[in-house]
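Just so it is clear, A, B, C, D and E label the chains in written order, and each chain counts residues from 1 on its own.
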């Protein structure tokens, strides 16, 4: 069995406090294993980014982590709770262990510094003993790795195209050889050709360097192609989690099914698309019970009253599957701390 | 940090104070020591009279007193005042060591004669000749009324220096050579430092004050603050509520002395505007003005001494000139008398409104530029005074240029303004009443008679006073002039011009005072030199 | 390069417009210098001096407006600004060179200090929101709304006085001559403290506020989050990432402020009787001294333009995005 | 093509060309050459009643420019736009309004294309008013909202855009376009800013409108799969030029032009196995689209083309029939029979 | 062409349309009143407006009327003491409010109108019109306002408040015009403008009904800023005696107080209140401006709230880059925070 690197347990994230708080992530349990690509899907506003930034405490105000643990397993040492780190500890932890590629590359790069500066200041902060020369050399190496000519080292972000910027960000994420790379919609701003090129490169690098990836997008067909395991979020919760191929072939949750039938396929027979009726829920006024039930074609009695628990449905034996749906009731909830 | 610093000797402050700090509120200065230029720093700060000296000194506080010989040992005017013989003092030396001679005096007047721009008093010079140490000046018209302007207000300059100057009107006289007891030490835009002469060539005993430090302040406020703080020891500036803001800061040393002189401030009435062409109305208005209030509230109880004599002549300086019939006659606020007078002239007081004989309410617009706060306060007081006899006054504050133009063109109803001043009351009355200055409405009357006052009697008398050859004739003319002024009320006199100053006795004593009014008190006038010569260290 | 040429064209045009305006504005002002001089010396200057002054100022002969305008340009190109009336016969250029250093030193230095201090505090306030720095804001808001002259006068009343360290007026001790020596410089500094302090108090808040707002805006940019995610030190994130970007818009504000140094010092100089250009302008105005007014306006406009030019250059250096190729 | 089809032609672009002048750089100041962005070059397309034509291509290939040219929002540099066969050029004013009442445009971003300060009622009222509906507007408004399935209409009329979801906003935008009772609808990426789950609803609505109102629709997208799903005919654009066209199924299933193939191969495909080495990986070459200021000579795709021939860099390829299906063509020398044979 | 534009460029509402639900529409427009700063500012401003209207009627004395209480300290009869003429300072302040508010607001309206006309037109039309309007704007911007105002005012004889407001308004529109131009440029590129053009709307309708409503917050903020500037300018002009205004305003009071050396005679009551009145008015206007700023820029708004109150009553300080972690002692799975606690390996898998 694969080793876990990052375990998210019962994570709760709110925007704001008190009565007006928006519960953007609720009771999320998720485990990322060493070397795997974990896809996180769900429509806009389902809490994917919140989850990703929440686990490294990078949410902008008024985000507040109201509960849960994020347990990180370093290779050799004892695992520890990331949320419990001191500021200094957290700074050391960041990028060394978990690096993030943010949604918009243009906005992720500081417009007034050369990319060489932005690459090397990671090294300067985390490996102060490193010489200036070897820092530059390392930065150069990283750029080469992501397919950017090292002579663009001294370019400013605005002098690079969108794809190049995104690749710089990927290179920057890998510069310290972290265990985990979180990628929040890294390719939505790019066209398909570029998207494939970058993702292909990333998969290749993962094979060489052995890091794990949390890959966030709402493009399920992309996820299915590129990730090992997929977790689907709806209304701040994970509603289904399974190996990619399993989800694609046999999604259990009606929402997952709906998502999958919203994409026209390019190849194969023209299948009829059903989509998902209704509109995404308002996080401030979540419906009681399963938050998907107002849109669910198969909703029945318990859906509107009780929240389904995420777990392995009893009638299934497939490895690493779990779903939160009353159609597939879970016998005993998974371990509770 | 170089040894030859011009500031080096300022550092040894442990010595007892041997300098005097003089301030004037005249703004930034540029270096110009030309004594003839009205715009020069030497003129604005007054230090030209410490470098250059006049032929005689006169005392504006007691204008009837005889003049004090200065560079001239004697001055002899012809009876008709169309020529004068000046005997130049022996032993005076210029600061460059050359002797001061009659040639220098003659050259000075020739210079003025030849340059209209230097002839500030518009003196009609005739021939100028030298005979030994006597200079004879002739004039095209009698100069009785101008005698002190010629003798006491003309700085005598060295011929050997000035004849080399290409254009005396624009030269800044960078290295002034004068006959006075001081020489220029340094100039900055904020002030000037003079130090006492060291060549031993001054013709009198040198003053005790070794250094005069002139500072130019940005305006009245800063100057007054500096006086209160002791940063200035002598100045001529309007200090509002002087007792509280200045004297009380150091009652033992902070002093004010502001004697009146022959020049006054008053409310000019435009005598062409109905109903103010009516003498009776003007008389009534004159009767209700509360000059005491104005003196205390607008003039800080000192600045423009209250005019008491009905002739408009200030106490002290004017005493010698008051006609016998007006001796002892002083202004009193007499509202009832004014009302009675108006009633007799056909005016009707209708409640609080005075109606003229034609039945129209009497209204008057008083105007003066806004920044002249003492005038503005005066107008506010006059306004409430007029209200007591039913005249509704409004105060207008046009800007200064507009006001200037309006007053000169006769486009005003009433306005506070000054008169010219001089050694005799002639200048005062001439400014107000001279028919020779009369211009039609709409044409600028630049020199006087802004109220378009027509009185052939006054015009003749003024002319007679200036041109006659005997004192008796002059006295008769002056009496006539005063009679017209008092009876016709072309202007409502309010306060006297003053030659005052604020000073501190902390370091220096010997200032003129009521007890010893040996001169005026302004640091910018010729007599300032007389004062400086008399100052003694306070602690000696 | 194209950008640069465009800017140059703009500067030339603006300079022409402003200089032309300089020529016409004083001529709109009614009144004439001689009358003004006489009124200034209420009763001290005799009415007879009028004619002599007209001759002196050369006002008795003047050509058409157009020929005056041409002459004016000719003079400007010869670096000749004419003679002042108030300080006749001092050349305008001399008066300006005499006053300008004071203005530049006092207000220039304080403007720079104010900018640096305000920006620094603004960075702090913007970065550490919710800490004590929040208390700074109401105070600074209040001080930025106080009329400057009022503050200055109150400062003189409270702090300057006969026995106080702070002189109430002037640029240096009377009796001293401007020189770079151990007597003059301390005196000049001592005299400049109170004016500088009041300028600082009333101007620093503007910088604090604008910098704080920019910091807040920039702080929520993605690249700041990225910088945090990269585990950079707080200092580096705050300064090199947030403040560095937040500074950019403030640079143009700073340039404008630099430009207005010369024109905006009027009140300081009036209140503190401090030597300088602003007060000279007011005097010139009161005296209808066209040549001086024109000269000072010229200096002001040129300094504003130069400051803007510098800001453009600074912007070019600070913001790589403006350095577009081509 | 039959003549009955020609009767149905609503809007036709013939050799449509648009160059955006770029401000001259300094060094060009002295040369006569004027540089321009060659955003659209020589584009032919035909919109027919009840037909959807899809225009696909990567970002910056000139798709939006084509739409705006057709809507006469930009003056064109060359070519012709024919409305019912008649050449039209409008500059503004009444003429423009008359044109706008027949050809309407829907923008990519429903969040930006509605003015946030106005209600839905305002937006729709303006559309009706401008196009001469001066009577009682209430029934017309209801009708419009019903048509885009925003029911009941009263619930939406007085809402502000921010109170609606993205899909609802896009429906309002469509309703506004319908307010002019157009014959042709130019939909510029109408769903790319929308969430996956709502996209479908909007596309289905458009299809429904096409059928019910017999509209001619130009559907612009970079998602070639949705073109397959939604459009009758698909045109592929690359760097300002049309490179391939034909009925959607043919173009997507048997792409002819190398660029179309690249596009289709790049599209995410769940059926592809994870970890497989990408078949196109090696010969993709430089992934950057070309500069449109100095577009490559000959075929604009040749610098990236795995099958480029010497001829491709010199000669501009012409439309060549592929022959596998009627109307399928590609602008590629690979299909030049004379050269091949 | 413009000199690098202001920070406002970056806070244009709804630039990232997905991220931010664009500008607040009407119903939420007055939401900014909920902003404490804006509400305080508006309350104070309201008081001033009220005084401006009723001041002359409630003033206990005629502000110009002399009395025999010369330079009296504050007392029950004279709340703010008296002047050297025995005038009541409190009445002068009350009566002076009207002129200050009138000039401030009129100048604000004039400058704002000009800046909207010129800025928005330049931004929307672009091309030659933009170039020439921009040059005009920049020339006016470059010419120093206060000296120009002094010169113009000194030309005008006995300028009325209206005339002074006009002068101030005419010399102070350029900065706002530049900001508005930049805003308009960015709005013009927004789809809804194109969309209404595509609908067939007329240009003037687009400017007036589509663009302007979206600029209201920026315009309002510029207006408030100009009012502050105008008030300070009016007072400064009066103080240095350039305006020969016959009526009372706070600058006139200060002019008299300074001319009479009020502080020198320890008559602080004569000098201090007018200055404070100005400062408080300025502060109130600034507060409103902050409110508007925060309203326009959601980032500033949420940044205002740096402390959040938990249900338990504690506060949590927000920090960028370090999301607070709430200590929920009730929660069973909470460890001691802020210590890197090793967690037993068994919990995994």
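In this section, a residue touches a chain if its C-beta (ideal position, glycine included) is under 8 Å from a C-beta of that chain, and two chains touch if they have at least 3 such contacts.
A quick note: this is a predicted structure, and the numbers were derived from the prediction, not measured.
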In contact with subunit C as well as subunit D, sorted by label, we have A, E
Compare the CA centroid of subunit A with every other chain's and tell me the farthest one. B
Outermost chain relative to subunit D, judged by CA means, is B
Between B-C and B-E, flag the pair that has more C-beta pairs in contact. B-C
Distance between subunit B and subunit E based on Cα centroids, please, to the nearest Å. 50
Give, as an integer number of Å, the spacing between the C-alpha centres of subunit E and subunit D. 46
Subunit C and subunit E, separation of their C-alpha mean positions in angstrom: 23
With chain centres taken as the means of their Cα atoms, state the distance from subunit A to subunit C in Å. 54
Note: subunit A residues in touch with at least two other chains are 44, 53, 58, 60, 87, 90
Shared-contact residues (touching 2 or more other chains) in subunit B: 225, 228, 401-402
Sequence positions of subunit E contacting 2 or more other chains: 18, 154, 258, 264, 303, 306, 318, 320-322
Per the touch rule above, subunit B residues touching subunit C in the complex are 1-2, 5-8, 10-11, 19, 21, 27-32, 37-39, 41, 116-122, 149, 169-172, 186, 188-191, 193, 211, 213-215, 217-219, 222-223, 225-226, 228-231, 249-250, 263, 265, 372, 400-402, 404-405, 418-421, 427, 431, 446-448, 497
Name, in rising order, each residue of subunit E that touches subunit C in their complex. 1, 3-7, 9-11, 135, 138-139, 141-144, 146-148, 150-152, 154-155, 228, 232, 235-236, 239-240, 254, 258, 263-264, 268, 271-272, 274-275, 278-283, 285-287, 290, 293, 297, 299-300, 303, 306-307, 317-318, 320-322
Subunit E to subunit B touching residues, read off their complex: 64-66, 70-71, 84-85, 154, 156-158, 241-246, 255-256, 258-261, 264-266
Listed in rising order, subunit A residues that touch subunit D in their complex are 43-44, 161, 163, 190-197, 200, 203, 218-222, 224-228, 244-245, 248, 258-259, 262-268, 270, 273-276, 279-280
Seen from subunit C, its contact residues with subunit E in the complex are 6, 10, 13-14, 17-18, 21, 25-26, 28-30, 129-130, 134, 138, 141-147, 149-151, 153-154, 156-157, 210, 213-214, 216-217, 219-220, 224-225, 227-229, 234, 237, 248-253, 255-256, 259-260, 262-264, 266-267, 270, 278, 281-282, 285, 293, 296-297, 300-301, 304-305, 308, 311-312, 315, 319, 322
